[in-house]
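Consider the two complexes below, in which chain A is the common component and chain B and chain C are the respective partners.
Moving on to the complex of A and B:
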């Protein structure tokens, strides 16, 4: 059962790291990470605060673009190039194909985010002479990795029934709502003057949509003086939540892909 | 896979998907969202988001993880406004930066100072209508940054120095600042709490505080075995000197005698000094007040507070206002209200000041029909050499007209307070006052032809020990 999945995943990783568009995005991100210390001038005293925030922002945004670009073309390309017929004519089930593709995408994502994490670590260690801070930032980047895996699962699910370009904007939109929208939902919840129906609507939408914002744990990393109780427990809960949602997206993708005419 | 098997797999997947959907909803609502909202959300309690204040791209960038960067860029922009003197433009930037990055302590501290001190009229009188916003910003900053002393200190300083009247509040904030560990990075700052305790009438607490500070300073000094650290030496000497002076003052002002229920005869505060307050107010031209008066106190170091405000100014109390009654960071003061506060500088036992409010119609709109002009002197705000006579609570102060010394203005304090009511027509010289200049005098006012502003300062001053 797992052998074909692993074989497809390996092939997907090889294919992903040869794609120029992804390498260009990665290159730009790495260049920005190197340029980031120059932005310290934007803050009179809290130079490292701005640098930390900016570095984490670059890693997050570029990873999101990579995750979406990587996954939206995966299934449609296979269909367009007709390579899917060769694969499915072998003893490979459609769900195995989908899961293999997804795992391959996540592995490629891990490689690229790993590179960005290394650059971040070196930047803080060698340039800023603050190795502990660099290591600390890896926690944030690892949470981003879970976030991007979730995003990849959403894009993968959507790619089973929408065209790549539509999927690109749809996934991007869901990511924005799941990241930024949560702040709006939260503002409704915290505002005592907000009407009950808007609170209920906010809760309903936020429960259905993937909560990407729960992986934005920059607060403690950027502002070390902030007191947060048991961040490890929170991280575990967020990862478990991500696991649930990824499974749901993959199952939905499998069910749709299973009935799809290729 | 056979059709039956496939159908079964599909059903199983569907059922699993539904169960997982339910589980993720519960998990998210119970274990993820509440903690995220508390610890990581960019939205603060009870507040709307900043939508509408930032441009769309700034908003996107800000919430997508570049909040600190956007805050930094905005603050750099604010710097150019400071240089060009465009103070109003800085206010929304302060608000945005503190929304985006509530841990920018410098921005909070600068904001408190800017709002509290920099909005003035043409004669450098502060626009006190901004004080609630400055205090609210301080409270918010302290709430957002509870581990550092800085914003507690800044807020306390505003109460102590700018408002300079409600010392109970100053004690509240400074005591919290004093309890933070990082205040030890500049230990001299702790000295201020001793002074504020004194001004709040808590003399024994002040003494205890000085002793505590002395013990700490002496221990730090002793740690430096070679005594090469001048700062430690200086800090210890300063505290020791303050402690000595405090003990002498407690003795001379009869504090110990009063505590032991002994006679206060012969102490500095006895017999009480007749301040001889009297005032005359006239309106020489529209929106201009000339205030003259007499005050027997030493020529140097006495300032009498003078307030002209709407009779129904929100949260007003005699001689001031409850500035923190509504802790909302609202940078739009009540522009339809008038609140002017100035200090009448006493020279050669007289004061004579012309207060011109005609050049600042936005600060002094004079919309209301009724106004109150108040004269207020709180001995707790007095300099030490004057307090030596008046005592900490004004026990060494009296007034021959008797009616101006009040004990109901501030708790446990004898203050001088006098107020008169003015009409809008009187201030704006309208109707019958167009030809007849309004003049109001108090009972204790002594007319004189002498121009006290031109005469030399008297070197011979009334003795502290008598009239």
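Moving on to the complex of A and C:
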């Protein structure tokens, strides 16, 4: 059961880390991470605070673009290039193919985010002489990794029935709403005085769409005075939520993909 | 002989906005015997690839039934003993020939690198096993496709346009490999437009047109009905017209007389008749019916 999944995942990683568009995004992100300290100097605010925010912003944005770009073309490309037929004519079930592709995408994402994390650590440790801050940022980046894995599962699920370009904007839109608008919609949903239709929309967004916001740890890292009461419990909850949501997305994707005419 | 493939009224329909439900393949009754090379022919859009996808259980039939090596369509177990090489196959370009075999082998749980080496040698790629697929020519890509298809020692191979777009040398290499498969006892199901190629290697063929099987049978039987042209001189046409030539014709030509007779006509008695009348036989030219003629005749028939 697992051998085909692992083989497909490995092949997916091999392809993903050679995709020029992803390498360009990664290259730009790494360059920006290197020049980030210069921008901190130019800022009127506390230099390290600006640098931390900027670095996390670069990692998050570039990882999100990589996660979406990586996954939206994954299944359509396999169909277009007919690779899927040679694979599905072997003793491979469709769900194994889908899971293998997803795990490959997540592994490739881990490699690329790992590179950005290394650059961040070196930057804070060697250039800024602040290893503890660097290590703290790594924790933030690892939360981003869970967030991006969740985003990749959403894009992967959508790719089973939506065209790549539509999927790109749809996944991007879901990510933006789930990141920036989640808290707003959640409070709206809980407001008893809100109109019914607005509440319905707010309920949909805050219940059905994934809560990407819980992985955004910039606030605490940028402003140390902001405290999470039990950080470990918070992280565990966020990871469990992510794992649960990823499982739902993959199961939905499998069910759709299983009936899809390829 | 047991059937490698057997379908009964196999149908695949799709919803079309303009025409409602459209049958891409309709009531397909296909019979492929074990150990033969079977040609599956048809014009573009006739339903060849859809049929192959149904036989491989990649898509589900709308109605009808089918069996591949005794397994009902949809049974993925049969994938352990069949293989497929699609038209213009794409393989992960960053992989070498050996890595491709390792990848496809891992889908079966096959890790025997000695067997992979042997397969690379069989398809004449053993000297190129460290080259990446991006460095492969079309012919080499087709050959690595055949090598990956042989990994599981399949009893039945599906080849979709195996010689499409290849140069004559690569054509011959692929053809020889396919003929070798028959000698090894494998059944080969070929979908192709290369009619001369099919005529050379296939035992039986089926011609599909608009989703319906229009002809199916042994090539030798389907291609019956050829003609023989005899060119003679030195005899009077009136004497010859009394000969029994079936539905043959006799024409005057500048050099003499031309007989155009069915291949089953008694050619020897015509020659004897000409000689008995002091005439000379200039040439005897058999005009064999070609698969191309049969194909055109079938797909253009109303």
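One rule holds in what follows: the second predicted complex is superposed on the first by the 238 of 262 C-alpha atoms of A that agree within 3 Å, B and C clash if a C-alpha of one lies under 4 Å from a C-alpha of the other, contacts with A are read in each partner's own complex, and residues count from 1 in each chain.
As a working rule, contacts are C-beta pairs under 8 Å (C-beta built on N, C-alpha and C of every residue); 3 or more make two chains touch, one makes a residue touch a chain.
This is a predicted model, so every value here is computed, not measured.
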| item | value |
| --- | --- |
| When chain B and chain C are modelled together on chain A, clash or fit | fit |
| Partner chain in contact with A:83 - chain B first, chain C second, else both or neither | second |
| First (chain B), second (chain C), both or neither touched by A:129 | neither |
| Chain B versus chain C as contact partner of A:93, first or second or both or neither | both |
| Larger contact residue set on chain A - chain B or chain C | B |
| Which superposed partner A:20 touches (first chain B, second chain C, both, neither) | neither |
| Apex chain A: angle to the C-alpha centres of chain B and chain C, given in degrees as a multiple of 10 | 160 |
| Contacts of A:189 with chain B and chain C, given as first, second, both or neither | first |
| Contacts of A:241 with chain B and chain C, given as first, second, both or neither | first |
| Minimum Cα separation, chain C to chain B, after superposition on A (Å) | 5 |
| Common interface residues of chain A - those touching chain B in one complex and chain C in the other | 93 |
| Chain C partner contacts - residues on chain A that touch it in the complex | 3-4, 6-8, 10-11, 14-15, 18, 81-83, 85-93, 261-262 |
| Chain B-facing residues of chain A, complex | 39, 42-46, 49-50, 52-54, 56-57, 60-61, 93, 95, 176, 179-180, 182-184, 186-187, 189-192, 203, 206-208, 211, 213-214, 216-220, 222-223, 225-229, 231, 234, 237-238, 240-241, 244-245, 247-248, 251-252, 254-255, 258 |
| Footprint of chain A on chain B - complex, ascending | 1, 6, 9-10, 13-14, 16-17, 20-21, 23-25, 27-29, 31-33, 35-37, 39-49, 51, 60-61, 63-69, 72-73, 75-76, 101, 103-104, 106, 145-148 |
| Residue numbers on chain C that touch chain A, as the complex places them | 14, 53, 56, 58-59, 76-77, 79-80, 82-92, 94-95, 103-104, 106-109, 145, 148, 152, 158 |
